[in-house]
Amino acid sequence: MHIPENYLSPVSCAVMGAAMIPVWVHAVKKTNAELPKEKLPLLGAGAAFSFLAMMFNVPLVGGTTGHAVGGTLIALLFGPNAACIAVSVALLLQAVIFGDGGVLAFGANCFNMAFVLPYVGYAVYRLVMGKNRENTLQAGGIRPYAAAAIGAYVGLAAAALCCAVEFGVQPMLFKDAAGNALYCPYDLSIAIPAMMIPHLLVAGFVEAAFTVAVFALVRKTAPDLTYDRMLADTSAGKKKYIPVFALIAALIAACPLGLLATGTAWGEWGADEIAEIVTDGKALGYTPNGLETGWSLDVPMPDYALEGMNETLAYILSAIIGVALLLILFKLISIPMKGRRKAS
Amino acid sequence: MIPAWMAQSDTYAPPRDGGAFAMRTLRSVGSALARLQIQRGRDGLRIPPVIKLLLLILGIVTLSLARNRLLLLAIAALVLSYTCLLPARTVLAVLRPAFGAALLSLVLFLPAMLLRPAGAGNNWIVIGKVFLSVTMVSIFNRRTQWNRITGALRKLHVPGVFVFVLDLTLKYVVLLGGLIADLLTARGLRAVGRDRHKYRSVGGVMGVTFLRASALSRETWEAMVCRGFTDDYKGL
Amino acid sequence: MRIIELDHITFSYAPDEPPVLRDLSLTVEAGECLVLQGDNGSGKTTLFRVLNGLSLPQAGVYRFDGEAVTASLLKNQRWAKRFHKRVGYLFQNPDVMLFNASVREEIAFGPRQMGLNEDEITSRVSDCLALFDLESLADKAPYHLSGGQKKQAALAAVLALNPEVLILDEPLAGLDRGTRARLVQLLSELRQAGKTLLIATHDDMLRSSLDARVYTLERSI
């Protein structure tokens, strides 16, 4: 579910990042009130756990494996607010240190996986468990696990839906002069089923199974470490949930609106940009005959790409790229030879 | 006295059943740990990490905003010429994820390109941008040690609390990742047959990891208190 | 019969690091008891990892029961599982071996993997619990046991697989005197039953009461 760089427009990335700021502020405030004193190390531990949980290969049928996000699980163990921060930190590490998920798309990835997933997952868990907190702690039997499974499944589905919407609005909002999509090329009618079908049929169950498996062990061996217990022990936990849910609802409602709003604004502030498109129009516009021959050749740098540019500069740049690619190729070829020399 | 069955040796013919999930997790956790640990300090051009981080962000933003093909070509030339100056193994390490990401994008965009050939040009640009931005991030993280990255964030006046959590997280990733790897290895040595309860093992490994994580965080906090920490997270 | 044969083994963790094991040759007969000694960092644990197929030497051959243990052989699931069934390994740190919800489940993991029926599993588990007097802890989470109890639970879980070769990394470390004596007694019974034992230990009592051959690892650096 990690959105890579450049699938979303920079504007969408900025909007999603802005949407996360109040969420983070809220989560930090709440965490301060809820978590025991050792909160900072605990957040670090939660983030590390989240990072590793996302790397864990969960067994599926017939020897295949899949990945869980673990957002709901972390909410069950650390609470949804701490989970939001922990997953955000884990996503940041993945983006900056491991190149998983875009750096600019960080806000959008956090929105889906650090905000929607843990809060929705945890809310559904509470809903299934019922209002009474004492029950939650003492509940035996299958109910807490069923609640955790449903929470994880619904949470992941909600996150996948948000992701699909973010993809799906791209071609509606961000097109070039010729009406071609600049970023993700699939609109909602394709993005939603393409994201939702695999998530509802496979990934949701993986998420649920992973959540229940880990939650069960922790509940059996150290029930005092779950968030339910933490809540019961701190007076801060007694507060109502309404503000959180109100915030979630408001943000979920506002976000597509925000996207649309900036979408129209994009057309306006993009006046310079439109001018650029117009002046560069011949370069960027789609001369159909040039296209069909150009792209069918699987050359990394088709001739037409240079068309209409400052030709000398373009050729110099292409030459640099060509030389660099050749050098890279030679270096890669030399690796096995070096290895052999060392071994002998 | 040892029981009778222990005094004999069993004849045992194991079934064929893969512990694929454990193997794959071991591999991915192992490579992450290797990345975090075996970053030896050869920093190449000796650019301060703060500048590197700023350059990376600048590069990614520029690339993402760039619509002019000449500009895209210039960025490609810059990134690739830097790449070709790196040692061969680093080049491989840098380009492998980049090619992976670009290939995945190609597969994802292929239906759109076939359905709407007119839009294919833009799709190719996105694929190229994906390739270049993953290359940039890879170059950055292959050439910078993570402890310097957190140092760089500190210099950028990112709040100390945040950097502290990030630093701790990286340390815990190394500790807990090692635990996961060991648990899965030890489990593998005893997983000599068909596993009907795979999820019990998954829950066990990650559950124990969680328990260890909370114990670690408590110990860290206690160590902080023993060294005179007074709940003042702002002063970190 | 030679069960373990190391032929000029060299192993290092990274290509540009000095090897931990250099040109090591060692033969262990089936039913023999070998005590491995050496300073910290002399490569005892590394050697045990090689013997368990967890690390492959860069040079030299490791033969188990006459067969050369290679990467491709270890990739063969059926062969690897049989190999791991025959060789039991007690890690130096028992924490990494315990991942089940109760001690009972922990011990039952191996027999259950082997596909034994429920009665056999129950009897193996209770036999193994009895060997270490762990009955009262059977339903506790291994995570909450003390260090010594963890070591015993881990060894019980290894013995439940009834391996022919037992590789024990510091089995006595951290145990109280009574538990040590009982463990030494258990190990000598296993030796009498024909198991091959390889033990890394600094304990002289264990060596003399098992009448073991001593092999000392020198630091290779």
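Order as written gives the chain letters A, B and C; numbering starts at 1 within each chain.
One rule holds in what follows: a contact is a pair of C-beta atoms (placed from the backbone, for glycine too) under 8 Å apart; a residue touches a chain by one contact, two chains touch by 3 or more.
All figures in this text were calculated on a predicted structure; none of them were measured in a lab.
Asks: Please identify the chain lying most centrally, where each chain is represented by the average of its Cα atoms.
Replies: Ranked by how close its C-alpha centre lies to the overall one, first comes B.
Asks: More C-beta contacts across B-C or across A-C?
Replies: Per the contact counts, B-C leads.
Asks: Roughly how many whole angstrom separate the Cα centroids of chain A and chain B?
Replies: 15
Asks: Measuring from the mean C-alpha position of chain B to the mean C-alpha position of chain C, what distance in angstrom results?
Replies: Here the centre of chain C sits 33 Å away from the centre of chain B.
Asks: Quick check: how many Å separate the C-alpha centres of chain A and chain C?
Replies: Chain A and chain C have C-alpha centres separated by 44 Å.
Asks: Which positions in chain C are in touch with at least two other chains?
Replies: In chain C, residues 101, 143 touch at least two other chains, as defined above.
Asks: Hunt down the residues of chain A that sit against at least two other chains at once, touch-wise.
Replies: 216-217, 221-222
Asks: Give the residues of chain B touching no fewer than two other chains, as numbers and ranges.
Replies: 18, 200, 204-205, 207-208, 211
Asks: Along chain C, where are the residues that touch chain B in the complex?
Replies: These residues of chain C touch chain B: 14, 52, 54, 77-78, 81-82, 84-85, 87-89, 91, 93, 95-101, 105, 109-110, 112-115, 124, 127, 131, 143, 157-159, 161-162, 164, 186, 189-190, 193-194.
Asks: Spell out the residues on chain C that touch chain A in their complex, using ranges where they run on.
Replies: Its residues touching chain A are 15, 101-102, 141, 143-144.
Asks: List the residues on chain B that touch chain C in their complex, please.
Replies: 1-3, 5-10, 12-18, 38, 179, 182-183, 185-197, 200-201, 204-205, 207-208, 211-212
Asks: Along chain A, where are the residues that touch chain C in the complex?
Replies: 216-217, 220-222, 342
Asks: Hey, which residues of chain B end up touching chain A in the complex?
Replies: Against chain A, the touching part of chain B is residues 18, 20-22, 24-25, 28-29, 32, 35-36, 56-57, 60-61, 63-65, 67-70, 73-74, 76-77, 80-81, 83-84, 87-89, 91-92, 95, 97, 101, 104-105, 109, 112-113, 116-126, 129-130, 133-134, 137-138, 140-141, 146, 149, 161, 164-173, 175-177, 180, 198-200, 202-211, 213-214, 216-218, 220-222, 224, 231, 233.
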